[in-house]
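Okay, so chain A shows up in both of these, paired with chain B first and chain C after.
For the complex of A and B:
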């Protein structure tokens, strides 16, 4: 077996250096590392995307044929990227598969969603997958190939598929969604209940599928930034930064320290707005109205700070490959610092009130518990993982940009329950505020935007960003002419939805709202 | 209990005096574009048209126009124009009752007219809405949600988001309407008792936004249900949404803004 190619975050690796194993070797490698490394991404790509350096024809001859350039029956290349969080390194390896291959999920539960995605996107069937269902309910990109053997003309309806079902006297089923009671994105939740107790929750998404990845492969280049900024709109800065980082790495572009600093400020403001909003919403779900009202408003204060920088509350138009599009003049910086101080005091008063209330703690503690072992086997990320005691944070483990120069302490808790997920958010709020203040007070001088330059040909880049929900992972593969040949997006929610299902086991169904809110996952980020 | 009262005093009274007092928009806010078709230079290469990611800028018959319904307010056209023909202002009042009203080519600004007759009588002082996200990215949804917070306090205008379409007077739709949500949206619409109104919030719900013409989407709410009010933006600022809602209910005089 060839030695694995170790790669660092933001390193452009020549594709030819990524080991290509036979399917048995690939499976053996996955099984070997799955128990100690974390699966960042596992994806398929069509053979036409393989370039000359890998001994295959370049895409340029195929691209001319138009959009449906995937040949029927063409092999699909699977690539796995595992992270060694402790050592800040990753490894990547690939294999070619035909219409099916032996599933990895039985030995690597982290691969569950990824293998369903591969089956749906490329019509490749992972044989022996324990629960092979579509994720997003669309047709495969390979004409005539369907992992479920559905005829080309048949309609594919969301959630029209098998659901796990518990049988027995007094066992009943509760189905919720896609349209929910709140102002929230659509998804379908099916609970198997025994009385009030949930035995199993199955989450069926896909309603938000807009074809982002497909469009990134074939679509209009001018729309790439709008796609990045809206594929999970509450993570605009996170995804836009991951994309910019990927391009800059492939281009070997130098981004000014000032631009890095401003991106980090925007990323932490995004975290602050969402975490504060989540704490308020959690308070609301247990009917603790003061904190709900205050945090709802303070969340807006953080969004308005982002609008002070770039005019848009979500940071649309701020991050661009090569830097950022808006600079901070001294007056604006002072205004930002004074607003930050006011918001800090308000948040402290609102949140401490909640954590000092026994009635709130009684609802948060020992509700929706995920164990450390479950967290590791599912490969959870972000506050959901840190609440289980996993000290895992891209800002520490794979620092990019400003985080290489200015560290931010990782906040963890050990209980894995709703309280843990709430409390980790509170720790992060305090540290993000301190971090922003420090960055603004020592803001480097210089320009904020430079041209990015041409991309290195035949390369692979993994770009990671710690978004507010956890690890945002983008994988860029360039072709022979340095064009964007393939692009893979993994939103943190993709890893974490299964965590919510596990958290609900043996819980009262009435605790679903606070369990759900304590994860607050993205539907569109999952559905893409 | 004492700490609750102490915190209440510390958090102060925060509800805005809107609409009596106009909101202050951030100085870098990109609102209503000012379009000057007569300023296009003779040598114009139509860089604005080419720069727009969603085809919102056109020069049909040589006359420059910006379709606010498609517009993402990204400002690429403004940056591409050497003659200053397009300039985004800080004006946040953007909502309109028809798609046609959004085509800006230098004419007067479109402002949403109030509902008339029976609908205004029914809903002018009490409007209950069911929100349906159909492919929305959670930015429009978040800025609808924020209207419920105490700065905006939507409830004081008699407007409320309700949990069931059966309790609603209308729908507020976000997102380009993915094909996977089309049936659910239709069923939700059918479940709202008549007479009902529909409000499309955000570039996606108006025309598809960045996802316009994707095979996976329907290019906006109007392709599935009739729409009474459109609110542009990506996402619209909460003040823009509130302005649209209040204009629809006849709570802001037509000439204001």
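For the complex of A and C:
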């Protein structure tokens, strides 16, 4: 067995250096590392991408649903990327598979979602997968190959599939969604209940599938940035930064320190707005009205600070490969600092009011608990993982940009319940505010945007950013001419949806809303 | 026996309760909004909501039986009839509209309305209706006995369960002066009021989260004029519970005979007492989170215990 190629965040690795194992060797390697490393991404792609220019299908043969035609029966290359959070290193290895391969999920539960995705996208069946269902309800990119043997003409409807069922006299099933009462995204939740107690929750998504990854591979290059900024609308800066980082790494471009600082400020403002909004929404879900209404307003204040930098409340149009498009003049910097101080005081009083209320704590504590072991085996990320005691934060483990110069402490809690997830958000709010203040007070001088040169050919780049919801992972693979050959996006929600399902086991069904809100996962970030 | 004049006066009092019901809700909403530093909707908003619902069409689940359609009317009828048992402005003997109308019938009619609503929710066949109905019946199971004990605790001294008589005797009977058991019973009533009116910490009237709903869960399948009937019944039930508390514990200021001055004074006293309760409910709603449903029985058991102790003290 060849030694694993370790790679660092934002390093352009020649594809030839990534070990290609046989299927058994690949499986053995995954089983070997799964218990101690975290699966960042596991994806399939057509094998021709590796074999230089030969045998590549012409771009004119485009199949249905806007996906490129892959030759029927073409082998698919699976690539696994594992992260060693403690050492700040990653491992990548790959294998070629045909129409099926032995599933990894039984030995590596983190692979569950990824294997379902591979089966759906490439028609490759992971044999022995415990619950192989479609993930986003679309056709495979390989004509005539379908992991479930569905005929080419049949309609594929979201959530029309098998659901796990508990049988019994007093067991009842509650179906919620895809249309919800609040202004939220569509998703289907199927509860198996015994009275008020939830025995099992199954989540079926896919309603928001837009085909972004396919469009990125084959679409108009000018539309790439708008796609990145709307992968998950609330993680605009997170995804845009991950993309910019990937491109800059592949191009070997140098980004000015000032641009890095402004990106970090925008990323932390995004975190502040969303965390504050989440704490308010959590208060709202337990009907604690004061914090709900204050935090709703303060979230707007943070969004307006982002707008002060770039004119858009969600930071659209700010981050570009090579830097940022808007500089911050001294007058607006001072304005930003004074607004930050005001928002800090408001947030403190609103949030402490909530955490000082026994009636709120009685709802939060010991609700929706995820154990540390479950967190590890599912590979949870972000505040959801930190609330279980996992010290895992891209800003510390795989620092990029400004975070290499200015550290931010990782806030963790040990209970893994709704309180833990809420409290970690509050810790992060305080630290983000301190971080922004520090960065703004020592803002480096210089230009903010420089052109990003041509990309290195036949390379793989893994770009990680700690978005407010957790690790945003982008994987870029370039072709022989340095073109964008393959692009893979893993939103933090992709890891964490299963965490929500596990958190609901043996909980009261009336506690689902606060459990759901404490994770606050993205539907469109998952469905892409 | 009840004269035409008595019946007229009782009907007017019932009408007053039904008309004022939505305003009480409107004021509670306004107080909540002001406590959150919001402007809030007008206090007349509940009336506008009712008018809006009355103009709308009805959509009904395919699985619902014809009985489902009459549920809202029956619920409203039961609640309004319960309101007729109450002395509001006038408390002379026999002032209620119905000669047999007493506190026991009032509690029974409210229980009937609750039962009808739950049956209707189960009839529509939705999962949320079933959950709401099951939770509401669980709450009812604890609230109704406690309510009966509170009534008995006062009635045992007054020697009657007729609320008009009880209110009069508060003024005239020395034994009806406030005593420790009254305090206990009143405290029990304060615990029961949020449960009976579907408010925090037992229920959240403003939630859109189907999975957490108690009362609202049972209304999900209703629409249009039917929903308007149930909404009006909910407003009426709220003011009935508040007026019951007033009649049992502080009927002061009620008119003994029908003169404009006495009635005006009685109306002012009634509105002032309602306003105190409205502020109480608004402040409670703004300062506590909703309880976990499994803890609601413990909370209501506190009310039940106080009511029981109150009655025990009276008997011993």
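As a working rule, the second predicted complex is superposed on the first by the 511 of 528 C-alpha atoms of A that agree within 3 Å, B and C clash if a C-alpha of one lies under 4 Å from a C-alpha of the other, contacts with A are read in each partner's own complex, and residues count from 1 in each chain.
As a convention for this text, contacts are C-beta pairs under 8 Å (C-beta built on N, C-alpha and C of every residue); 3 or more make two chains touch, one makes a residue touch a chain.
Keep in mind that this is a model prediction, so the values were computed, not measured.
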Side-by-side fit of chain B and chain C on chain A, or clash: fit
First (chain B), second (chain C), both or neither touched by A:290: both
Dominant contact partner of chain A by residue count, chain C or chain B: B
First, second, both or neither for A:174, with chain B first and chain C second: second
Touching partner for A:222 - first (chain B), second (chain C), both, neither: first
Touching partner for A:182 - first (chain B), second (chain C), both, neither: both
Contacts of A:454 with chain B and chain C, given as first, second, both or neither: neither
Computed vertex angle (chain A) for partners chain B and chain C, CA, steps of 10°: 60
Touching partner for A:510 - first (chain B), second (chain C), both, neither: second
Chain B versus chain C as contact partner of A:196, first or second or both or neither: second
Chain B versus chain C as contact partner of A:356, first or second or both or neither: first
Nearest Cα pair across chain B and chain C, whole Å: 5
Touching both chain C and chain B, counted on chain A across the two superposed complexes: 181-182, 290, 293-294
Residues of chain C defined as touching chain A within the complex: 32, 35-38, 127-128, 130-131, 200-201, 204, 206-212, 285-295
Footprint of chain A on chain B - complex, ascending: 3-4, 7-8, 10-11, 14, 26-30, 51-54, 72-76, 130-146, 148-151, 161, 163-165, 175-176, 178, 180-181, 183-184, 188, 204, 209-211, 214-217, 234-235, 237-238
In the complex with chain C, residue positions of chain A that touch it: 172-176, 181-182, 196, 283, 285-290, 292-294, 357, 359-360, 362-363, 367, 508-513
Residue ranges of chain A touching chain B (in the complex, touch as defined): 136-138, 157-158, 178-179, 181-186, 206-211, 214-215, 220, 222-223, 225-227, 230-234, 236, 277, 290, 293-294, 296-297, 299-300, 303-304, 307-314, 316-317, 326, 345-346, 349-350, 353, 356, 522-524
